[in-house]
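Sending over a structure as structure tokens; questions will come in a sec.
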Amino acid sequence: MTTPLLTAEAVSKDFLFARTIAERFTGRPARTVHALNGVSLEVRRGETLGIVGESGCGKSTLARCLVRLHECDAGRVTFEGADIAMLSGADRRAFNRRVQMIFQDPYSSLNPRMTVRQILAEALSVHGMVPRDRVDDRIAELLTLVRLPQDAATKYPHEFSGGQRQRIGIARALSVEPEVLVADELVSALDVSVQAQVVNLLLELQERLELTLVFVAHDLRLVRHISHRVAVMYLGQVVEVAPTEELFERPRHPYTQALLKAAPSLDPSTRTRKVAAKGELPSPSNLPSGCLFHTRCPHVFDRCRSDAPGLTSRGPGHVAACHLANPGIEGPA
Amino acid sequence: MKNLTLTAACIAALMTAGTSAVGQERGGVMTYGRYADSLFLDPVLNDANVDIWILSNMYDTLLLPSADGKSVEPGLASEWSVADDAMSVTLTLRDGIMFSDGSPITVEDVIWSLDRARNPDNGIWNFLLASVDTVTAPDDKTIMLTLKQPDPAIVAALTVFNSAIMPQKAFEESEGETMAEKAENFGTHPIGSGAFVLESWDRGATMKLVRNEYYWADGEDGEKLPYLDGVTFEVIPDDATRILRLQSGELDGAELIPFARVAELQSDPSINMELFPSTRVQYITMNVREDIAGEDNPLSDPNVREAMNYAANKQAIIQTVTFGVGKPMTTFMSSATPLATDNGPLYPYDLEKAKGLMAESEYPDGFTTSILVLAGNQDEIGIATALQQMWSQIGINMEIQQVDNATRTEQYREGLFKMRVAAWTNDIADPGQITSYFAYSPTIDALHSGWKSEEVDELYEASQSEVDEAKRGEQYARIQEIFNTTGPTVPLYETPYPVALQEGVHGFVQIPLGNNIFRGAWLED
Amino acid sequence: MSSETVLSVRGLTASFGQGDRKLTAVNGVSFDVRKGEVLGLVGESGSGKSVTLRALTRLLPEGAEVTGQVMWRGRDLVSLPPAALRQVRGGQISMIFQEPMTALNPVLPVRVQIEENLRAHTGLDAAGRKARSRELLDLVGIPDAARRLNEYPHQFSGGMRQRVMIAIALASDPDLLLADEPTTALDVTIQDQILNLILDLRDELGMSVVFVTHDLGVVAQICDRMAVMYAGRIAEEGPVADVLAQPHHAYTLGLLGSVPHAGGERRPLHSIEGTPPGLAAIPPGCAFNPRCGFATSECRQTLPQLVPSGPARQAACHHRDRVADETTVPIPRAAGSGGGR
Amino acid sequence: MPEFIARRLLQLIPTLIFILVVVFALVRLLPGDPASAILGDRAIDADVERINRELGLDKPIPVQFWVFVKSFATGNLGNSITLKLPVSQLIADRLPITMLLTFMAAVISLLMAVPLAFVAALKRDRPPDSIIRGGFQVGLSMPVFYVGLILLTIFGAKLRWFPVGGYGDGFLDHVYHLFLPAVTLALSLSAILMRNLRAAIIGVLDADYVSFAQSKGLATRLILYRHILRNALISTLALFGLSIGTLLGGAVITETVFAIPGAGRLMVDSIYGRDYPVVQGLTVALAVLVSVTFLLTDLLQAWLDPRMTK
Amino acid sequence: MTDTARPETPVPSRGRAGLLSRLPRTFMFGVLILGTLVLIAIFPEFFAPYDPLAFDYSAVLQPPSAAHPFGTDNFGRDVLSRVIHASTINLQIAIFATITPFVFGTLLGAVVGYVGGIAETIFGRVVDAVITFPFLVLVIAIVSVLGPGLVNMYIAVGLVGWVFYARIIAAEVKVQKRLDYADAGRAMGYTHTRIVFRHLLPNSVTPAIVYWMTDMALAILLGSSLGYLGLGAQPPAAEWGVQIAEGKNFMATAWWISVFPGIAIVITGLGFSLLGDGLADLLRTRK
């Protein structure tokens, strides 16, 4: 649990909107969405790292950078110490095999024109996982692994429910025997009862196959349930990382605090009529100065508007990016 | 000496052609549907039938063709005579003739017009006056043409559109640097000597002519012609639409009625379906060169050509293509052409004979060839389709190739075609023109076929200066005999001009040369 | 909060199609809405909660058949003529939707979309409508209302769009707000804002709210009473705190077990096996029986009726007593391809 | 918005260059030359040479191309070979006719397609829908020249409600004359538009904002026009714009059948007549016209759909 | 409706027996029409009572009768036999005029849509240029260059027609490539070629196929328009458009020459259109 398996080092990623001709003539710079702004994170072997944040915080972009679906603009992502952007040929294929991604949308993440057998066989054959004559056996094993009936192999994705499709997606990822699974909002499109089934499956598989899991989600309860450690993201930055219990019990960043407070609790007795965080997310193409959260922070003071706080330690394995040591309770750190 | 002077009575005959005894009525505008618009209203520099066939309404000539196309009548010149040695022609201008702007027509105008028309640099029609050496005016009423050699066609040539009399002054005052540019500008609002004058012209759509108040000829009622206040040409390329417009009463007349519709319109009581005699002949031209683009050409074998002629059932083609309107040809030129021979229809259908000829030819087993037809032209397609079937019976496999006019003309001119469907109309009431193109090899290689007969060439050259009508008739009889028996064509039929007119339209004629003559036309109320 | 009933639904049934292909999405649903209360309709996809909501004002696609009774101010909305129904819709009963991006007409400025409501239900003149529109945007917390009225939906953020939709729904002071998962598409902090806004407006305007959601947390936070729906029927109904504390229906119990609870980290959730049935294949008896650990042959044969099961509570479960005693969901014995552990 | 227009106009430049090159190449590849077309069968070699010399066609192809490009650069499109008129004048005379015809056809097809698409969409898969779709399908499947002749026979010659072809004098008369041809031309477009619009309306009918509008208690008419039609038209509009090019092309045959002296017929006549300057000038003029139409439909779309100019 | 939009319920699997009954009725009707047509087109001799090219001067312009159900034309040819034999050529036109544009346009569109960027910009300009040419005029010009006849018509249509397919496919691939399954393929380490042709194209091709059906009907119409202008099928071959053009002059006296081929075109167009609509329904259920 000590050597990071996968790390993000000051990763930045911008998306450019094509300039219009007139903009080119007037020399106006292209409109840029700053999706990631210097994210550093490490994923340790065997752990589940939860990444939470609201839409537009960059968590999906980060997940895609981790598997090299996006190339980062600055910083680097390393896998076992090697910069993944430098990998090519067989190395790149090996990386692609060892680090797998599973997707949010159970309806669009499977090719609707391929049967489950074709989907799995393709993955198996492209990476040469098993000899040709073993393909069917392996598919059967995979189906069992994700608790799908054997006759699923001959069906098309549209013949399955959302939860079953997510199992197919998981089976596809597992077919190449990866070490890391990056799950992007894996269950958020599913009904609650089905969500629970998939979460249970994921937990079980992780244990059995000794997988490392990056679990990206916006549902705090789920992340809390599944993760060893949690990173909170806001506007393309990691604002706080801590072991799960530590984070949920003692959040040190005002944004984390607001997030936790805003999440509706199942306990009707905890009702408040106080809004957890005022205002809305600033535009990611026009970032605020200083601390990115200062426009919405209840504890904002002058320094927040000019200086960007770095991640500083708040305890064992606990870092937060706030000028206040313990916002809401104590003074500046 | 042969005095061709005719009296004004003949003009009256021309005027009344095709009309009933009803008295002429004056006024009104006749609307006439044409298949295509004119391009260029200059008598000398124009190139096409769409111009030629209506030019005479705007530009008058010294002499006029007769209604049957075979003889000549007075025009701007009231009298003419050819010298005994046939080396000059003297014409007398009519008194008080004026251009449409009211200016007098002078001998200077005549000299200028004829000199322009015969200038070898001007247009493609100057050959008609090629025999003229000088044009002079002994006095202000008399025109004298002196010739380089006798020309039996010279009188007829003076009826042809390109020798029309134009106002020198107005022409030269037209805008433009060169004569060609002046002609273009003059042609868009011409001042002429014909019965009508151009009022407005919406290119491709309508052309409006109004009566020329200064026209010289008198009508039946003793007043000046024309009877009509004007003529409006509507351009309607689609045959069916043209007929529909006639039937709906929007047109008073429509030209080029498809033969398929002739019977139908004949039975329509409100429509007068006219079939004006013409010099139009329909035939197949065969390329008779030994080889075409390096390939052996079976059509060079006279036996093959003769076989094809016998195997072509002209009567059947006349039935299916012209619906009985056409008639079989007796010689390569139309029967309305002066000096045309008539020894019965050429090559009556005889399949057995044709098979026999094929067996004697170098291609007893037949061959494959092709024919060019004008794309979309139903008559030509019909002819080719029928021939294709007929000739298949003597072992000839003929492919039909539809091409547009420019492509066809190019292949034709360069001698690359194998066969083509073609038609011809005389522009002059003389056999010389058609013979020059069909049989006399120096002009265009006998219809670009590569056919050549020394004897025909000599006879033709001799005939061009032969003024003895009888001798000339003999020369032409021999030319026709040679061409009809060995020539490069399959003569099919000759057809009249099918023109449909409303019941109340009188006095309109299309003469065998194709000219639409509106000056005697009148509309019944 | 008074106990005056404003809306009374009895035996509401909504079906689509005809003959063999007839699908019943809502089957004999009955409930009351009292003045000023927020009633939560909870369920998973396909449970019929949204169709129920839309059936109240017959806002269903052409071809849908609605029967039963929806009593509103002494009139039955199910049999109301269209013209009269239009007066009720938007005037007395307003509705807000899940996706403000798709529920707002993308090609019309916000002003038009508010004013057309005012024009339909109020006698205000042009100036009055304009003033009222601005007032409404202010009311739902949209800054710079005068300018934003002329903007188009795509120029608003997600949360602001939801506020716009609420403003439109409130245009003619409705007495009942039908909310169809209005916060599902929003981030938690924005959801928090909108939920508070709805509660504030309820308090200020004295409306009643029917709030459809699949999120038990949202129900816990804003509803007074809740009805849990499963396969087109109400499974159980009662005050929120009571139902969440002690479900009387096995489905409610399973739903609660599926939600991660603090303290249960990285342990299997008490999920329900299988998936909800499709409308075309609703099992006989209790629709939940194939997924239910309590199921007996009775459940497979007899449809349980919604009957009182405690103070102000009703449940449609043959084994409500056994369920009430359980704290976690038992695993069905007939489980097929594998269990949750 | 001005920026949007500027961008679209700039995009036109490479398009026009491409078209110029293609047109130049195409007309020179045509077999036969203007002389053949003009003189016909009776041409003798000397005449052909004379005409080619007059037209500058005896010069090498690169020189001809240079002259051609120069003529466009200076805006002087040259003179028609057959009609002996400036090409610019011919375009000015003929193009408006085709434009009016196309415009009328466009309006008529909208008038036919929109209400019937509504009926078909609202009565989806029921008899009115089937009848409407079947009817349009028949219209779509009929050759244009055939439809034209049938309309002419019935409404022109038999009933005499409309003139049989021609163009008439004065604007109203033009409109009157162009009515039947416009209907002919509109038939296939309206079928395509109807199909597309019907699908769009069906799509929009399911949209949340329609439900929302209904939940506001709005009158049905208001919902149909303001909420459904406007949104459905947006997607159909792109197709409509694209179809204008097709319509302009279809005008070739309609103009021939109805004897309308428009640009379509001029184009075909000029191709047949090897009237190079006219073919070149007219093609470019048509391309500009079509591009402007695309631009206009884009603008209309942007006006209807504020999201486009975001 | 959120409730019904995404049913959690698995769709019952389609058995073979269920397949027929699930097919849209329009599709079945289209298949019926075109199936019959293809059968006739393959074995015209079997259906045609006469030789379509045989003249019979004794039976010219006969109205429909027992001997000649569709009458005869001005050469005495049997119109029914000509309509039947024409079906071969017309189906050929429908297929050959569209297959190259379909295949080429689809492949190019897929690549352009996937690559995007500068390729897309260049493609956009080319498409603009081609679609700004009035289609029929361009085809007439090209046919004039190449000479009339069907093969040259196919070439002319092919030179222009691919644009429409490429546009459709490029737009669709652009949509599809943003879907997760495309990313899933990339995350699996699949090659671009595999992703484009194995994954994106099969999912993008439906609108092109549907358009293809319409295009085949349009090709027949174009063939008939070119036939009217004399640039299409060459005589004596029977082709419906040519037949209509041939019968144009007989509309008043012998309507049967043009009406029956006209009906044949309408029915064929209807068949393609129904098939297209049906295919659209059928292929869409997979999504």
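First chain written, first letter: the chains are A, B, C, D and E, and each begins at residue 1.
Everything below uses one rule, namely that contacts are C-beta pairs under 8 Å (C-beta built on N, C-alpha and C of every residue); 3 or more make two chains touch, one makes a residue touch a chain.
Bear in mind that the values here come from a model prediction, so they are computed numbers and not experimental data.
Asks: Moving only between chains that touch, what is the shortest number of steps from chain B to chain E?
Replies: Steps on the shortest route: 1.
Asks: By that same contact rule, can you tell me which chains touch chain B and chain D alike?
Replies: In this structure, the chains that contact chain D and also chain B are E.
Asks: Quick check for the class: compute each chain's Cα centroid; which one is farthest from the centroid of chain A?
Replies: Of all chains, B has its centre farthest from that of chain A.
Asks: Averaging over Cα atoms per chain, report the distance between chain B and chain C in Å.
Replies: Between these chains, centre-to-centre, one finds 90 Å.
Asks: Please report how many Å separate the Cα centroid of chain A from that of chain D, as a whole number.
Replies: Between these chains, centre-to-centre, one finds 53 Å.
Asks: Centre to centre, by mean C-alpha position, how many angstrom separate chain A and chain C?
Replies: Centre-to-centre distance between chain A and chain C: 31 Å.
Asks: Among the residues of chain D, which are close enough to touch at least two other chains?
Replies: Residue numbers touching two or more other chains: 30-31, 149, 153, 271-272.
Asks: So which bits of chain B are touching at least two other chains?
Replies: Those would be 240, 404, 407.
Asks: Among the residues of chain E, which are close enough to touch at least two other chains?
Replies: Answer for chain E, listing residues that touch two or more other chains: 6-10, 12, 144, 147, 228-229, 245, 248, 251-252.
Asks: Given the complex with chain E, which residues does chain A contribute to the contact?
Replies: Those in contact with chain E are residues 64, 67, 69, 92-93, 95-97, 100-101, 103-105, 107-114, 122-123, 126-127, 155-156, 158-164, 169, 172, 176, 191, 194.
Asks: What part of chain B is in contact with chain E in the complex they form?
Replies: 239-240, 258, 260-261, 263-264, 316, 319-320, 323, 374-378, 381-382, 384-386, 388-389, 399-404, 407
Asks: Quick check: in the complex, which residue numbers of chain D touch chain B?
Replies: 30-34, 36-45, 47-48, 54, 82-85, 90, 93-94, 149, 152-153, 156-157, 160, 163-167, 256-261, 265-266, 269, 271-274
Asks: Please give the residue numbers of chain E that touch chain D in the complex, ascending.
Replies: Its residues touching chain D are 124-126, 128-129, 131-138, 140-142, 144-145, 147, 217, 221, 224-225, 228-229, 241, 244-245, 248, 251-252, 258, 262, 265-270, 273.
Asks: Using the touch definition from the top, list the residues of chain D that touch chain E in their complex.
Replies: Touch residues, chain D against chain E: 11, 14-15, 18-19, 22, 26-27, 29-31, 134, 137-138, 140-146, 149, 153, 188, 242, 245-246, 248-253, 264, 267-268, 271-272, 279, 283, 286-287, 290-291, 294.
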